[in-house]
Amino acid sequence: MQLSREQLIRAYRQMKTIREFEERLHTEIQTGQIAGFTHLYAGQEAVAVGVCENLTNEDYIISTHRGHGHCIAKGCDVRAMMKELFGRRDGLCKGKGGSMHIADVSKGMLGANGIVGAGAPIAVGAAISAKLDGNGRVSVTFSGDGACNQGTTFEAMNMAVVLKVPVIFVFENNHYSEHTGHKYAVGSGDIAARAEAFGMRVWRGNGSDFFDTDQIMREVVEYCRTTGLPAAVELDTERFFGHFEGDPQRYRGAGEVNRLRQERDCLTAFRAAVVSANLLDDAQLDGIDVEVLKLIDDAVADARVAPPPEASQVLEDVYISY
Amino acid sequence: MQLSREQLIRAYRQMKTIREFEERLHTEIQTGQIAGFTHLYAGQEAVAVGVCENLTNEDYIISTHRGHGHCIAKGCDVRAMMKELFGRRDGLCKGKGGSMHIADVSKGMLGANGIVGAGAPIAVGAAISAKLDGNGRVSVTFSGDGACNQGTTFEAMNMAVVLKVPVIFVFENNHYSEHTGHKYAVGSGDIAARAEAFGMRVWRGNGSDFFDTDQIMREVVEYCRTTGLPAAVELDTERFFGHFEGDPQRYRGAGEVNRLRQERDCLTAFRAAVVSANLLDDAQLDGIDVEVLKLIDDAVADARVAPPPEASQVLEDVYISY
Amino acid sequence: MANLTMREAVNLTLHQEMARDSNVIVLGEDVVGGMGTAGGPEAIGGIWKATIGLYDKFGAGRVLDTPISEAAIIGAAAGAALTGKRPVAELMFADFIGVCLDQIWNQIAKFRYMFGGRTRCPVVIRITYGAGVNAAAQHSQAPYALMTAIPGIKVVMPATPADAKGLLTTAIRDDDPVLFFEHKALYAIKGEVPDGDYMIPFGHAKLVREGKDATIVTCGQMVGFAERAADALARDGIACDVLDLRTTSPLDEEAILDSVEMTGRLVIVDESPPRCSLASDISGIVGNQAFAALKAPIEMVTAPHSPVPFARELEKAYLPSPAGIEAAVRKTLGYRSERRG
Amino acid sequence: MANLTMREAVNLTLHQEMARDSNVIVLGEDVVGGMGTAGGPEAIGGIWKATIGLYDKFGAGRVLDTPISEAAIIGAAAGAALTGKRPVAELMFADFIGVCLDQIWNQIAKFRYMFGGRTRCPVVIRITYGAGVNAAAQHSQAPYALMTAIPGIKVVMPATPADAKGLLTTAIRDDDPVLFFEHKALYAIKGEVPDGDYMIPFGHAKLVREGKDATIVTCGQMVGFAERAADALARDGIACDVLDLRTTSPLDEEAILDSVEMTGRLVIVDESPPRCSLASDISGIVGNQAFAALKAPIEMVTAPHSPVPFARELEKAYLPSPAGIEAAVRKTLGYRSERRG
């Protein structure tokens, strides 16, 4: 492990924040206060954090319908995010976007996206900017094992190779697209091989292991920054909740979620690794847990009482001038 | 060579018919009688014929914007085709389709298509029918080296693998998409490798050589008919005219077209092969040439004087009932 | 008669038509559900549950679960239709027309025409649409105008479970391509649905309220809104014809013109933004063909020229409301002619 | 002033704007041409020649030749715009909106709104459109209504070389996304084009003929057709206002209403099929807002409800014609009011 103590603490705090954010949403949604479709990221934290800890504030990411984790990992304001999900006037997107369109371009987070596969070409565009500006930035697009069957994802990979731009295609293979298994829907089952066939370098790793993901991403980001070329990473990971909140998950094997939470929890693995290596101790980690829980508590308390948008705001922000 | 004399004669006649059809169109277009955008197939005949000679009347093909060759090879009526290109009332499509939409579904020719990449998913659908009907038919989709970058082509390949349907993706790599070289626009340069990454079997061959193409297609069609699975074939070939009629072709190397016509003419190669192997003689082939030329002459003469559509027909054939 | 939700009515119709004609096939994302999982096929039975039970009954050959590839789904439906099948494709959200428009607009709608009338392409595309469940900008749109504008396809907008059955049966048996819009906020609404073979012809609007004071024309989710408005107005003695179009292409111009010629006043209610909308379409037709009959300007009650917002308060402000419809009727009734003529 | 074709005017404007602002980039299929060939880059200079010379001048970093992947082209433009560039993407034919609608409709048009106003997406998409060159059903359409219907984008329809320059300059400097429709049959038409910096504001229609008898509203290729009709009518002493909209979103309602309030008679000319069209859109607005001023039904001259056919005779029958416009004006003038009122 090449990470400093600060880096380890930061990574843990980020992963834990995502986890608690999602766990809390899961319960808040039952209360009926949060409207719309919500896709929770719990279980996949090591991917978002493993990727974003290797990026600067100035690098770009494009997310998916399952975007909270990427948002938090890229440094978006957790309280403003919570308000957004509650549909509040001073939510991150003024209550206009909601879960599937949560974004903060000022943080290089170019949006969750409700259209599966739409993000990949947009990430190519961000990489075009980076290349043209010569600022060494890279652009990352997250896609699921389902999204890897959408035409835009392929077009984007080919275009990135043709235009030689520094975009990183991160494939989060959580084995499901909605209620369908990836073994069924992904032709060969091998996502990275597809990227490779377009002529880019690819990596594969364990997305439930922060250290593996971090290590790979260090290499990938370094590769893309220095060569200016695209690359792809397939990370094996797990989602702990349903596809969306309300999903009865009958497609899961018996006890599957429990087993995953036991065996494939990136937070548990992280704690075990750093404690056994004497890098951090349980008390320190517990302290972070308390802080994170307080942050989420406060965010929810805030969001609950925050004012909703005015009806008149429906017509604001359509154009800059018209 | 495993082909009978009849088969050889048929193959030659088909290739020659395509060639003369296109050569004649090239001159007819100069006269201004033929309107619209026309993409000529000359140079690629061994592909269309090598593929279609291995199909039955009942198998399906879907073509591209460069569709005349596929049409003829699949058995469409050459006179009706010519009338269609002249925009005549009793053209193959009543003058409504023209070059880019020429079709005869009764012949299993599901249409030229003006939208690059649109044919591939449609071919998957035809293969779904074939599978469901259990009639052993296969479905073939032709795509260029340009079309292989369009999202629909990838989606179709993946879907064919997932649904396990007998569709054959024939990639005609003529090294150009419009005025762009395939080395530039096709990521790795290797089209078949992309198909392979979806988990299907692939073949590669010389699409300027009828015998190579025929041999491969025999294997491929046999494979798809018996397994019911998809496959892909990349065939290296050459186009002898511009992308469309009127293209100044400045992107070509000096003398390139002449050289290709010298060295990569499938008709010349065919003749040399069958004559040197004593399978057919020059006189026989010359006889076919004369017949073909007469057919084309007649078709043009017919088409020139055929009546145009009535203005009122513009509103016919939009719906079956409305 | 059975009391069913619209979702159940759709499901029942699919069962009946698949049983009736072995050429009917169903395809789309998660229309089976659970493929390649430990839970197994039909573990979920379709994200909207509209296709539940079909896989068990008719098998993998006729009920095809697809990858997330809408362009290939619609294209595959097109190819199957050209070769003798009657595919019913499911598009999970109407907003996804964005990724497969070509196959609808440039392929399916045009095959027959481009091929000189020498083929048919009997595809049905079932599309879930509309706002009201806070699904925000990319999962709430109502792009039926975009589809109505396309020559070569028919557009169906059921407003009740019974209509869903009658119109879907007609759609599946129709030899032209049909886009069948199912409003997600109507899925759980219940109603009496006729048993057995039940077909409703296209191009015939349904008069759901009768009245000589003004005409309200609408379709889909807005029918219920218009009925509420009409009922409220009725309490004040204002009687409206409320026409549920049922299909927007073909459009029942006769029924609209007949009503407007009687009432002289027209309100069109449309869930989409105003520009180049179905509301403007009908306004243009009526303004041209019933000009002399009009006693007041045609009022259009539509969503605003904005994307669909997420927050409850905003989405409520976005959607046309019964109160807004009522106000429009009162406005047209209050109009006093000052026409030069 | 210089006498230029519309194609040259577009090319000149791209040169000027790229020279003026280093954030302006150009991308699309064959916008360079000859990449990866023996002839080398710029060997052809863009299929429409509208982008010729840009690669030589501004280099591969700012002039990006792309694979045939329209969704990725428009998506890449979106991403570049979100991160500070002003991309001008070329869509070779408007019909290809079919394969990239999502990126226009659900992404570019909605980013600012979905993100709560906290970003901008200054993309320009140049789109070649329209019938008249026998390119048949998939290469001849005029889907500006479909784009006009989308909240969040602006739609520009230049009818002359000068307007092409003035409006494209404005489009590139605009902070909102703009769809810029170039009619392929107008590319070779010549006209005087102002030198230097030349901007035309959006939302201001141009009065190209003046007359108090009737109003003709149109845009794009149809402007020339309408002028021919107006000139023919003028010979019979019938004087028409002919309004070239220049932009359909924003729409210059004022100019239309002002003219109709004067003439009382309106003919709208639209190259698209009739349903949910720009013609119906304007008809709806005028019928509502200038009801009292209308002396006759609004006439709409549009293409029929059919795909675009191939054969010359059929395409001619498909397109609105100057004679058809003339007839519509005569029809509206011949109308004698029998309104009940």
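Read from first to last, the chains carry the letters A, B, C and D; within each, the first residue is number 1.
As a working rule, a contact is a pair of C-beta atoms (placed from the backbone, for glycine too) under 8 Å apart; a residue touches a chain by one contact, two chains touch by 3 or more.
As the structure is a prediction and not an experimental result, all values here were calculated from the model.
J.: Could you tell me which chains are in contact with subunit B and with subunit D alike?
T.: The common neighbours are A, C.
J.: With chain centres defined as C-alpha means, what is the inter-centre distance between subunit A and subunit B in Å?
T.: From the centre of subunit A to the centre of subunit B is 45 Å.
J.: Counting in whole Å, what is the centre-to-centre distance of subunit A and subunit C, each centre being its mean C-alpha position?
T.: Roughly 36 Å separates the two chain centres.
J.: Which integer distance in Å separates the CA centroid of subunit A from that of subunit D?
T.: 40
J.: Could you pull out the residues of subunit B that touch at least 2 other chains?
T.: 91, 93, 95-97, 101, 113-115, 118, 149-152, 155, 158-159, 162, 184-186, 318
J.: List, in ascending order, every residue of subunit C touching at least 2 other chains.
T.: 66-67, 69, 71-72, 95-96, 98-99, 102-103, 106, 110, 113-114, 136-138, 151-152, 304-307, 309
J.: If each chain is a node and each touching pair an edge, is that a line, ring, star, complete or other?
T.: complete
J.: Tell me, which parts of subunit A touch subunit D in their complex?
T.: 60, 62, 91-97, 101, 103-106, 110-111, 113-115, 118, 120-133, 139, 151-152, 155-156, 158-159, 162-163, 316-322
J.: Touching subunit A in the complex: which residues of subunit B?
T.: Going through subunit B, the ones touching subunit A are 149-152, 154-155, 157-159, 161-162, 184-190, 193-194, 196-200.
J.: Report the residues of subunit A in contact with subunit C in the complex, numbered from low to high.
T.: Its residues touching subunit C are 35-37, 87-88, 91, 93, 95-98, 100-101, 113-117, 146-147, 149-152, 176-186, 247-254, 256, 308-315, 318.
J.: Residues of subunit C touching subunit A in their complex?
T.: Going through subunit C, the ones touching subunit A are 29-30, 33-40, 43-44, 47, 65-69, 71-72, 95-96, 98-99, 133-139, 304-307, 309-314, 316-318.
J.: Can you list the subunit D residues touching subunit C in their complex?
T.: Contact set of subunit D toward subunit C: 71, 95-99, 101-106, 109-110, 113-114, 136-138, 145-146, 148-149, 151-152, 249, 251, 264, 272-281, 283-285, 287-289, 291-300, 304-307, 309, 335, 337-341.
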